[in-house]
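Going in written order, the chains are labelled A, B, C, D, E and F, and every chain counts its residues from 1.
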Amino acid sequence: MKLITAVIRPEKLPNVKEALFKIGVTGITLSRVSGHGGEREVLEHYRGTQVRLEFHEKVKLEIAVSEAFLERTVKAISSAARSGEVGDGKIFVQSLEQVIRIRTGENDADALTPVGTPKEGY
Amino acid sequence: MKALKLALPLGLLTLMGGALAQTAAAAPVIDKGDTAFMLIASALVLLMTPGLAFFYGGLARAKTVLNTMMMSFIAIGVVALLWPLIGYSIAFGDLKNAFFGGFDKVALSGLTAGSIWNNGGVIQTTIPTFVFMIFQMMFAVITPALISGALIDRMKFGSYILFIGLWSVLIYAPLAHWVWSANGWLFARGVLDFAGGTVVHIAAGISALVAVLILGPRSSGSQRAAVPHNIPFVLLGAALLWFGWFGFNAGSELAADGVAGLAFINTAIAPGVAMLAWLLCEVVRGQRPSAVGAATGAVVGLVAITPACAYVGPVASMAIGAIAAVCSFLVVQLKHRLAADDALDVFACHGVGGIVGAILTGVFADSRVSGLTAAKGLIDGNPAQIVTQLVGVGVTILFCAVGTATLMFIIKAVMGVRVSAQEESMGLDVSSHAEDGYNNGDFGYATNGKSGSIDSPVILSANAND
Amino acid sequence: MKALKLALPLGLLTLMGGALAQTAAAAPVIDKGDTAFMLIASALVLLMTPGLAFFYGGLARAKTVLNTMMMSFIAIGVVALLWPLIGYSIAFGDLKNAFFGGFDKVALSGLTAGSIWNNGGVIQTTIPTFVFMIFQMMFAVITPALISGALIDRMKFGSYILFIGLWSVLIYAPLAHWVWSANGWLFARGVLDFAGGTVVHIAAGISALVAVLILGPRSSGSQRAAVPHNIPFVLLGAALLWFGWFGFNAGSELAADGVAGLAFINTAIAPGVAMLAWLLCEVVRGQRPSAVGAATGAVVGLVAITPACAYVGPVASMAIGAIAAVCSFLVVQLKHRLAADDALDVFACHGVGGIVGAILTGVFADSRVSGLTAAKGLIDGNPAQIVTQLVGVGVTILFCAVGTATLMFIIKAVMGVRVSAQEESMGLDVSSHAEDGYNNGDFGYATNGKSGSIDSPVILSANAND
Amino acid sequence: MKALKLALPLGLLTLMGGALAQTAAAAPVIDKGDTAFMLIASALVLLMTPGLAFFYGGLARAKTVLNTMMMSFIAIGVVALLWPLIGYSIAFGDLKNAFFGGFDKVALSGLTAGSIWNNGGVIQTTIPTFVFMIFQMMFAVITPALISGALIDRMKFGSYILFIGLWSVLIYAPLAHWVWSANGWLFARGVLDFAGGTVVHIAAGISALVAVLILGPRSSGSQRAAVPHNIPFVLLGAALLWFGWFGFNAGSELAADGVAGLAFINTAIAPGVAMLAWLLCEVVRGQRPSAVGAATGAVVGLVAITPACAYVGPVASMAIGAIAAVCSFLVVQLKHRLAADDALDVFACHGVGGIVGAILTGVFADSRVSGLTAAKGLIDGNPAQIVTQLVGVGVTILFCAVGTATLMFIIKAVMGVRVSAQEESMGLDVSSHAEDGYNNGDFGYATNGKSGSIDSPVILSANAND
Amino acid sequence: MKLITAVIRPEKLPNVKEALFKIGVTGITLSRVSGHGGEREVLEHYRGTQVRLEFHEKVKLEIAVSEAFLERTVKAISSAARSGEVGDGKIFVQSLEQVIRIRTGENDADALTPVGTPKEGY
Amino acid sequence: MKLITAVIRPEKLPNVKEALFKIGVTGITLSRVSGHGGEREVLEHYRGTQVRLEFHEKVKLEIAVSEAFLERTVKAISSAARSGEVGDGKIFVQSLEQVIRIRTGENDADALTPVGTPKEGY
């Protein structure tokens, strides 16, 4: 199994979500992060003080998938999140040794199958 | 409004403060200055209820902030409907008996813009009856809202609405009649309560305590996490309460005169000193002086000075603020020993503060400062007043405890009073109001009310659907 | 200010409410009570604009909260400059014609602290002209600010400032003359608008609708994410609006008397009932009673009672509140069918509420309660008033629609009205104001204005630099 | 209160504005209109201090928001204790000398609800002495609170309390005597300061500057991160300040008349124009017009118009607002060159705004508008007034600088003035108040005061324990 | 060494915390996340607009442990976080190449030992 | 490639940032977390209730680097974030199988090169 971590623009989240749902990926964990990369700094002014915002708001998605789903998931995210401007973000792939579904104690690929879909893990 | 009414038992119809010595013979006229004052005072008292919403809402958790605030706001709606229709008539209607005012003023029938309030001909004021009615309505709004602080985090919103509606008509309105109407029996008994220590604060504090006993405690999860989610909101609420309280206390004189001035200065002094006293208690106990403590202390000081504000001098006012703060602080420390889960300490603040204030009114009332000869306490040579005050306190406690218990039991039987455990753990904002107090907007979808439309999330495969 | 003016068509110069029966012979004097009332009422109305800023700001997203709030705040600045310089003169200057007031009062020339307002000698009040001027200014401030709710999330801030400046001088001021000046043509026509149902609310609602048609809808992204970011702020805003509205409505009597009292009580009752009605609508539709709904309902009730407040009795006031809430609720449900992207429902709340209120004034005005014999509606035997009200509504709609469209087209041509798509997606707080509403401070650097100084981030290698 | 006092040097006891021409022979009476106005004005001024708490609190960082707000709130407590006990007597006690008022009014001895304020028999007003006392108290509350903005993020809370307590008694009260009491020496010198440009704003601004020099700058870490954490709170604070300022400025007339009306309109106009001027400065410097800028500009305009408000016409008022905003803006840009770390620009806003306003009062005071013949400036043919104003400014600066330095050095020697570096880096909310401004509640544990009880976290193994 | 990442319900956090402390795990890093899985959407209404909350509030725990502690830690979390309803969350296990304690510069298992407990790493 | 995850004190962030920029690391993703380790609990009081803050505010940095950059990055963080007091935090290193730059679809080390710097990946 793999853990896919994607850092994307917040405004692209709806697109990415739809793209993931279309290919059948519904297990997602999201968080709000700040990213620094090639984007220009934003300047703010408060009274006599200048403030540089070197970090931009991003959304991080963490998705555990079975090997079989890896490529299509990466592709889905990557095309749905692209604007073509600097700052679109990155996708990281790591290997995952074990997954446990807390509710049932199920292990590994079984744990990745959503409720009521006794299909092959994705 | 006690300054006016006190005149009565002594058979005096002349009023305090200046140009008001009309006899019954002279046609009563509206005084523009008094009317201006009472109009603005009424607006100030209205603002107290949103102030309370912030005071309570800031103390609540983020996931129940809206429910907590709505419990105050909805009181404006409910009482704005019921008070003109029936509550006012029960409290200030015809003077046939000492226990309630009757039905002649139902739906404010007969009142016009030209009516001047005279409490059935017994007391002549110089303000329009409409203005008196609305000033009183603002009191009737905030009193049940005060109770809500005890009930947050688990009460059904519908049951709460029913409860405060019935409470305001069946408990508050009669009590207001007893204490403030010219023929109310506690009024006749000489109980001193200038601006509502008994009718408002003891009534709310006791009712809160009784109501939570029937409602039951919060789940241990929500109790554990019960840390104020936004203390600046608590301070905002305290500030708006304090600001409005000037209308509440000084306005109870129903005139812009020196007695209103005395009521006003005590409404600034007592809570200021109570704030200091509360912080000192914290330091003495080895804690840090806290912002929640400052806000709480100020509110307790405001509560305690309410019955006394026009009767006592400024130094007595400092004493009342300090004593009430210490008493209330001690009760708050002990609250975990109580069976009742009074979430935001309504009893400890309003109940205890109100009782202390009512009794100390009997101690410190001083006609040499106020000029109100009927209002003498211990230090002015009238120790018996303390007994009278205790009677007032006792009757209020009894009536409110029995009345609230009855209402809560009936509502519990008819429709239930608690949300489910699951709704409680979700937080009442989402479960009772389908709203979140704070949104960052990125993770949710607005779907324009058209489910399945082109704007809504496209969900294609079956297994993606739930 | 209608109670005063209504006297005119009937040739009566005597005023309502008590001691004001001076004839033209007696030297007019300032009444301290009325002046006290109007000074505070003016302060209350000022507070409505920040209240609106919170009402709108809370409903906006976190990344446009400042821009949304600034659209209200800047209106205070713009109108505080333009109203004394020119707007006041256009609205309340000399009485040469029925369509605008002239230029004699430009820069308030000739007014002193001793001037008493008498609308060119026709109506005698008992308040200083300065006080009348500032009370009116507060109305001129909030009206364009109301429009802003429709325009948020995409309008250029500079264009907005130009728009409201021109709007307040060219549209608001003449309209105020028509409806409220002693020789205004709608006033002469007998249109009843006590505190600004047409001039303020219909004007703002219609202008908002027309302006967004020209401005265009928000990007689908910002529309989708358009969930209120801070509902306690919405409640705070509603509370401040309500509080200020007492000054707005009761103050429009320009005196502290029984009519002001009537206006005041209706300003408490109608919105209270409207709040309940809105929540009931939500429940009937299968939703939960929401805090945003309660706030919205109360505001709609306030809007609807504005033209009627001093003319109708308390039960009629309940009816007006309830009917307006239901109408407005229905329009809000349908809003997604409209081409116009009226972001915060300015039309549905102020337009619809104002129209319903104006018409119902013609139905419920009742001189038996108010004592204002010139203000009779259907239930007081004068069905023709409804037609008169419809004329007022129609003229206002027409004038504002044409005027707003003209202004917006000109500004669009001259300097554009929309920010770029990229600025819109960044959020206008950063793109138009270079500020964030909320900061946690850890991830940003304050550089003391001295770029390259020792305090600023040390960036050494070239490839780290952008 | 200058309109009243100015009458004196000219030997006139007749007061402005209408019906008040009682001679010493006629028994003084309370005017209900004036009293109504002053009661509400006092409530408005009280609200300014919480307004300030939000203005400052929003500009502070999230981890010091409570400490910042408490520095304002505690001023209410401290001064509510000290002003009635001693401060009032020093400022407005018997008239034996020109430098302080004496001790005859200690603990308000001798005052009753019937007392009418007449400043020792020299000036006859028509309001109760209690009302005058409390109105003045609200000024004594906010002035030291203003100073706190410079001191945030590193001052010991206990030392701060001691500082403002001493400051209010030893610096504020005498200064108030000099400028506002009938025999104060600056008053006798003819210094024009209607509502407190010197006594309140210059005093606070200079004291802030001197105090931070002794306190020392914040750590570079907190300075770096010093970005406003909640700008809507800044706007809320500015709005409440502005709202309250109407009471502050117009109330200083102590009567509801045309002069109060003039003071009121200038309190709306000058800050409105100052807001625009500040935003224009930002744009000229190539920045965006910011919300913090709008709020700051408005406050600077309010400061600058304070000494002048009842003396100048509306166009002069615009000029004062604009000039003060530009001056203050420039000083803010230069602040990083100063050695003093005046965290929230108290000197740049209140000091500079106050000085500019005081001097411009000498330029623009115009008795043809105000009717106050003793208040003539340059444009009214009295250039010498500018010199008089400069004397007032100079004396205030000198007295406050020396006084504040002395107090701070003593307190520093006795108990220290700064928290430890570690406490500063934790943020003063946790370290001085053991509270967090905002909690989400999930990650902390409430333990009901019973450590080790069944509700507290079960910690079993030793190595898990710290 | 392993990195355990658990996504749980916020209301279960106190239980999980206690369970971890009991087995001697005290090094934890927490964050607030939003999760999407098999749970039902929540509907909210704001005026005429319906809002779907497709994501639920969750808490993410990251815990670095030595091999020896892996199993008991996973078990502790899994049983303390279980409610049995859909949405209880998942536990992910990844291998960890290196751990450095910033304060001391210590490496690997040493870095995982809490202050003052010179016992075997856990 | 490696994924470096560092949990540090918020007040040390500016230092760490500078240190990273100096060695040429500009791709960073930050988030706010709460950490529990050896630090003392903070006690707060609200009316009669005592609250224990067992978790302390921390900042988490995630940085993907090529092997070559690993050591200097870890060193930079570790020395810039050190205060010497308990609570300075930890650095975790994991292996990273794949990195994709969303904007371009580039893969692996290429994806780590910032805009306009066609130098060797770091």
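The rule is short, and it goes like this: a contact is a pair of C-beta atoms (placed from the backbone, for glycine too) under 8 Å apart; a residue touches a chain by one contact, two chains touch by 3 or more.
Please read all numbers here as calculations on a predicted model, not as lab measurements.
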{"item": "Selected pair, greater C-beta contact count between B-E and A-D", "value": "B-E"}
{"item": "Chain pair among D-F, B-E or B-F whose interface repeats that of A-D, sharing over half of the contact pairs by residue number", "value": "B-F"}
{"item": "Copies subunit B and subunit D touch via same or different residues, half shared test", "value": "different"}
{"item": "Centre-of-Cα separation between subunit C and subunit A, whole angstrom", "value": "45"}
{"item": "Whole-Å gap separating subunit D and subunit E, where each centre is the average of the chain's CA atoms", "value": "51"}
{"item": "Of all residues in subunit F, the ones touching two or more other chains", "value": "14, 17, 26, 30-32, 34, 38, 44-46, 48-49, 51, 54-55, 94-95, 114-116"}
{"item": "Two or more partner chains touched - positions in subunit C", "value": "31-34, 36-37, 40, 224, 226-228, 230, 236, 287-288, 290, 292, 333, 336, 434-436, 440, 442-446, 448-449, 457, 466"}
{"item": "Contact footprint of subunit A on subunit F as seen in their complex", "value": "3, 17, 26-31, 62, 64, 94-103, 105, 111, 114-116"}
{"item": "Residues of subunit C defined as touching subunit B within the complex", "value": "16-19, 31-34, 36-37, 40-41, 44, 61-62, 220, 223-232, 235-236, 238-239, 242-243, 246-247, 250, 255-262, 264-265, 268-269, 271-273, 275-276, 279, 287-292, 294-295, 298, 310, 313-315, 318, 333, 336, 368-372"}
{"item": "Footprint of subunit F on subunit D - complex, ascending", "value": "221, 224, 425, 430, 434-436, 443-449, 451, 456-457, 466"}
{"item": "Residue ranges of subunit D in contact with subunit A within the complex", "value": "226-228, 282, 287-288, 290, 292-293, 296, 332-336, 345"}
{"item": "In the complex with subunit D, residue positions of subunit F that touch it", "value": "11, 14, 34, 38, 40, 42-46, 48-55"}
